[in-house]
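In what follows, a single structure is set out as structure tokens and then discussed.
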Amino acid sequence: MNETHQERLRSLRRELHSYPEPAWREFHTTSRIVDELERIGVDQLHIGRDVLDGEARMAVPDDGELEAWQAKARAAGAREDVLDAATGGFTGAVAVLERGEGPTVALRVDIDALPITESDGATHAPAAEGFRSANEGYMHACGHDAHATIGLGVLEAVKESDFTGTFKIVFQPAEEVIGGGKAVAESGHLDDVDHLLAIHIGLDHPTGEIVAGVDGFLAVRQFRATFTGESAHAGGHPAQGRDAVQALATAVQNLHAIRRHGDGATRVNAGVVEGGTATNIVPEEATIEGEVRGETTALKEYMNERADTVMSSAAEMHDCEVAVETMAEAPSAVSDDALADVVYDVAESVTGVTSRLRTDDLGGSEDATYLMDRVQDHGGTATFVGIGTDHPGGHHTPTFDVDEDSLAIGIDVISETVSRLSE
Amino acid sequence: MNETHQERLRSLRRELHSYPEPAWREFHTTSRIVDELERIGVDQLHIGRDVLDGEARMAVPDDGELEAWQAKARAAGAREDVLDAATGGFTGAVAVLERGEGPTVALRVDIDALPITESDGATHAPAAEGFRSANEGYMHACGHDAHATIGLGVLEAVKESDFTGTFKIVFQPAEEVIGGGKAVAESGHLDDVDHLLAIHIGLDHPTGEIVAGVDGFLAVRQFRATFTGESAHAGGHPAQGRDAVQALATAVQNLHAIRRHGDGATRVNAGVVEGGTATNIVPEEATIEGEVRGETTALKEYMNERADTVMSSAAEMHDCEVAVETMAEAPSAVSDDALADVVYDVAESVTGVTSRLRTDDLGGSEDATYLMDRVQDHGGTATFVGIGTDHPGGHHTPTFDVDEDSLAIGIDVISETVSRLSE
Amino acid sequence: MNETHQERLRSLRRELHSYPEPAWREFHTTSRIVDELERIGVDQLHIGRDVLDGEARMAVPDDGELEAWQAKARAAGAREDVLDAATGGFTGAVAVLERGEGPTVALRVDIDALPITESDGATHAPAAEGFRSANEGYMHACGHDAHATIGLGVLEAVKESDFTGTFKIVFQPAEEVIGGGKAVAESGHLDDVDHLLAIHIGLDHPTGEIVAGVDGFLAVRQFRATFTGESAHAGGHPAQGRDAVQALATAVQNLHAIRRHGDGATRVNAGVVEGGTATNIVPEEATIEGEVRGETTALKEYMNERADTVMSSAAEMHDCEVAVETMAEAPSAVSDDALADVVYDVAESVTGVTSRLRTDDLGGSEDATYLMDRVQDHGGTATFVGIGTDHPGGHHTPTFDVDEDSLAIGIDVISETVSRLSE
Amino acid sequence: MNETHQERLRSLRRELHSYPEPAWREFHTTSRIVDELERIGVDQLHIGRDVLDGEARMAVPDDGELEAWQAKARAAGAREDVLDAATGGFTGAVAVLERGEGPTVALRVDIDALPITESDGATHAPAAEGFRSANEGYMHACGHDAHATIGLGVLEAVKESDFTGTFKIVFQPAEEVIGGGKAVAESGHLDDVDHLLAIHIGLDHPTGEIVAGVDGFLAVRQFRATFTGESAHAGGHPAQGRDAVQALATAVQNLHAIRRHGDGATRVNAGVVEGGTATNIVPEEATIEGEVRGETTALKEYMNERADTVMSSAAEMHDCEVAVETMAEAPSAVSDDALADVVYDVAESVTGVTSRLRTDDLGGSEDATYLMDRVQDHGGTATFVGIGTDHPGGHHTPTFDVDEDSLAIGIDVISETVSRLSE
């Protein structure tokens, strides 16, 4: 990759970085991606309701919130056609290159940002070099700006290569809330895909290191439990109350006490709790926003069932009701050996690659698993590729940043893998 | 009361003290009481199944246990006729004096001992003076030996008095396990009673002090909850187990966390817990023996309902079953003002009485409440009279003892009250 | 009391009702009270820092909040001299009538409102008759508008009576947050008082009923516990977190499980809980706003000590820190028999009194107890008088209202008691 | 292996099976092993205190218990010299063959039985064929009878082979309580060992299957926590008690709620709980016998530290004291690839081996890990070999049994591995 090209990638990534948009609100980001797709030239371009199965979207904010971000994107210069199509949070895009006979290969990148206030410290490059977040309180703190950039770079490289077959690229919204993967999977765009590549930058791997097939995805369910009791004066009539906070406390204790499982790793967290209105009132309502995870989808289901039982019996114990709703959910997935082997092999000869790992554990959750499972269910193969990058702060921290040298490495590894798959 | 008489009472009390028998096993004690009743001479004498409603007995030990104590009593010289009648734990006696027209007045005394090993310290009078418990591990640590003695003394005094009417005396078994009161109440012996007197010695009141109408009886329910889950190897297959000890722990925590009640005092205790078989096995079974109490029967019911809910939902939470059985139960009761006023009034002129209290709180439970409630339900009045005695150790401790000077005081207060009631 | 006078009282009460101000923000209310005090004419008039011991105030809002309400009161026409004196939340007033030799008698009324949105229903008199709260979200839902009115009425009546001695009246701020009583007590104004009367309207007693000496004040402490742990990714590194929500849950469970006390009633409530930031983050911070109460100050202290232990060990259990701060506190108190007897006696002949109770239980907390304890500690007597009023909604509900006929009854009972005390 | 030899092995195994002795009480078993060792002829034979580091033994029963089993073994015909040496529970044996220059290879087998009552069902071979346990209540329910038999078979085979070097065999006591491994490790017998083989039969692998290098040993600590509070009458003075059962319940709940760890599997179990004396007494004492485990020794330490904190703060929370003692403990261990590869290779050509696994997870704990770690720390290699056997009931169940055909397979695989190691 020449210097000019690299400069262009860096510049694009910085532009995306400076305008972070959270899940389902990637209006401006989608607009910029569409600009680039048109510049590159593709055979099919899908936006809006053509990208997603609307019923399958999860964790979509309310209309007011969506409209506010849409208006902000408009004010920042986003394209009207994209804004129109994306109304109601139908962000993201799918583009297709049709290059004759050959396999259908797909790449999935995600594009959303996080509700984190970016560092303005002197040692934080985006701050020092002028591309810190313009949307105060939001930040590309997980590298999805780099993902979108790599995606566009791969598309351009594939277009210029001798690849034959069909190449699809998915710019997926709402990964951070585990909300978009299912909607892309159920759109059907991937049903004819022979090989799916999904990527993630960083993950504590340094620049130059490639993980050919990441595993260890934890299946996950995020839920909100609302306990409802009855208020009463805590001094005069304590027993007339039905205490939602006692139900909450019993539930939190027993969620963590769900027995570990012999088949593999499980997780549980009561991440956000809230309840009650006044010191001297028996609390009428209380909520837990929490999650369970499992090393496999079955283990997640085990946790899920136990968690539901814990919450219903905690409510019953304190004479309360509870409603538990799923906020988001993702299965586990496994990278295919055959496909990961190709990536591993290709990486050996890519400039800048100094270390290759055949596999490594993610130890977290990702809704790319919906896409991987979908492709595998339809007979294709999938792998999740880690692209190392030196990152000063950890993922999801205010000082996260990527080493822009890793952009070209990522593009080369993926585009050469795509080419190899048509041989 | 003359010196000879007092000496006889002291001697009887010491004899009873030296042969303590626990609940439903008062074979020898009943035999001795019957001896005395015959000596005094009564118009009716009921023993065995004539004393108790068999269905209403609670906390009766198993047959083997009953037979062992029966055999021991036989060996110690108990009367065959009494032993026969009392087979199966039908201990206790009811005697009646018929003295013509007039009110029916009843006195209830209890006769069982406790599973406590009596002190053999040099300062403990029964040990020093040779009437310490002959039944090692059991002890009259609550003064029921004195109660039986006072009862017999009152009977004798009433017989010698100018009382007209009917006088009944109940020697009730199994008070310590709250097991006998209901069975006496449901026998019907008290249904025609106009005035019921029940007594207790001590209760932290010194010799010479009389409490005319004790109140503050806590209604109580004692229960045994058995949680059943499923065992599994705790290392290899922890999630295959259903953990009865986790259910137990959740239940204990939440039993104590039952909300206090605005209407009055409540109590809860998980007195005995047990569960599991081995360090590395998920526990399959666990039990709680506990109790709830309330200042009123309604408050006890509140605690009861909440406790049942806590235990069933604790079981459900950990995928276990639970069976909860009532071991014993007693209601609350209130001493009648009118009757307590009579006692208070009478006490003023009794020799030895140096202090009178119109009322005081028991702060515990007593199954005399079944008898009091029964009499009141049938239109009679009842009061529970406290007879002070200097007691070196607290009730239910190995050094408990009574001041024998209080025996005569108690007899005089009660027998003079009985006489007064016929005026 | 003649019709004109009654009309004036009703009108004043409605005016106060229409401008409710919450604790420490009673700027306009104080201004109106001072107007009335000047109209009536008193020998001493204390406002601002002369009323309160600044150090002893509790639960004072921050400066911004105070200034906003002060500005609002100014806009609504409050007097500059009062606003100046009350800067920083020094609201309330003390007035003194000096009438020669005789006892010093004091009356305490409270003047603050609640953060409750008043009903605008057609059957809610203040809404129907045009004196509903002008401060949306705030409401005189506990009758302190009537208390202030009765206070002024009593002052006027005492002035016109043949009372000899000194009469003091305290218009106390911030009762609802248990924040003002201690500051008044420690001001010293009551140290020479021989007899203190405090009043409360309603309390489920109907118009025409008087309670001469309310008892059953629960001593109370309100606290805020802040647990601090350490956040971590709940999927990848759950054990690197130190979970403040687990500490919170353990604390809530065990606060409720503090053993009941044999000496009397206790209470505990975890009224408001909050913690954590995201479903997938181990929560770093969590707070409990709660309270403990006791039938006596000693019982409150028992609960307090146990609660502190529970919270510190819950924090320790989950490797967190906890800081517990007292938000507000009040002791228990007991109405003096001698003084309550006077009220009871006086009430018999007051027009409109149809029912007298010698005593009744409050079953809640009140910081008048600080004043009662202070007077009693200095050798005086105190009683808390309940003045019945038909109230459609319960105290602290949006439809609470008072029957204005009870204003005159309250004024007569109290003012005649004051007169009687100088005889 | 010829038929006669196989018959002899079967017969020895049945003899050992019929006389099961639990941990540290393997008096008769040791005696029989010594008989066999003498029959075979070894160059060194260690028994009693020469086998074990006395200080390092764990979970040793009290003297009375040891003496009872010693006397029983004597009565059953055990040798006096062995009984003498083993006094105080110094059971087990170490034997050495010195065969000139070459590596030192060791084999460890364990010899203790379990406190399980053996099935007497018609389909349970030991019952049907007359070699069911003669020590009622105890049973070789984990195949250690087969282990001892295989050990002796291997020794004989090695002696007859062309192996050059030193061969050591350890007959280890007290594996089932995780009590003997450390004492053997610290005896020093293994410090010069180049290659250590440990074996286990069964583990759900069928006859004919060999696992060359078992992994997944969970490091473990078993503990006993004794909570001490203060008793009180639960009705009268509930707050005077300090409730050890409440401390227990809080501890159990929070032990299970120790956060899962991102580095690997952890376990926790409260296997046996007990507390309190009577329904109406606040419990003064309560105990938990439990365990924590970790996939690595570090993870076990994490659990250990957290568990200690949970128990001390649970005690503190309820104003109790707690003493936590370690009953037994074992580290994790990893089979060496190089050595397991040899076993895997050898197994290919052993008659009867129909399936080979290079590795498998134990998912439990074993104190062979002490020996493996010791050898590895001294520069040697170690592997834990699984020898499949069809077993009708699961390990540690009353119907467990081994397929005796697997004895010869195990002997051949191990003895040929030993020979191969000297090549």
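By letter and in written order, the chains are A, B, C and D; residue numbering begins at 1 in each of them.
In the analysis below, a residue touches a chain if its C-beta (ideal position, glycine included) is under 8 Å from a C-beta of that chain, and two chains touch if they have at least 3 such contacts.
Heads up on the chains, UniProt names are A, B, C, D = Amidohydrolase.
Model, not experiment: these values are computed from the prediction.
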Worksheet item: Based on CA centres, what chain would you say lies at the far end from chain D?
Response: C
Fill in: Which of B-D and B-C has more C-beta contact pairs
B-D
Worksheet item: Just curious, how far off is chain D from chain B if you go by their C-alpha centres, in Å?
Response: 53
Item to complete: Using mean C-alpha positions as chain centres, tell me how far chain C is from chain D in Å, no decimals.
Response: 69
Worksheet item: How many angstrom lie between the CA centroids of chain B and chain C, rounded to a whole number?
Response: 47
Worksheet item: Which residues of chain A are in contact with two or more other chains?
Response: 236-238, 246, 250, 253-254, 256-257, 259-260, 262, 267, 282, 363
Worksheet, complete the sentence: The answer for chain C against chain D in the complex is residues 236-241, 243, 246, 250, 253-254, 257, 259-263, 282, 302, 306, 309-310, 312-314, 316-319
Worksheet, complete the sentence: Listed in rising order, the residues of chain D that touch chain B in the complex are 218, 220, 222, 233-238, 245-246, 248-253, 256, 267, 269-283, 286, 289-291, 293, 327, 363-365, 396
Discussion item. Per the contact definition, I'd like the list of chain B residues that touch chain C in the complex.
Written reply: 253-254, 256-260, 262, 264-268, 363
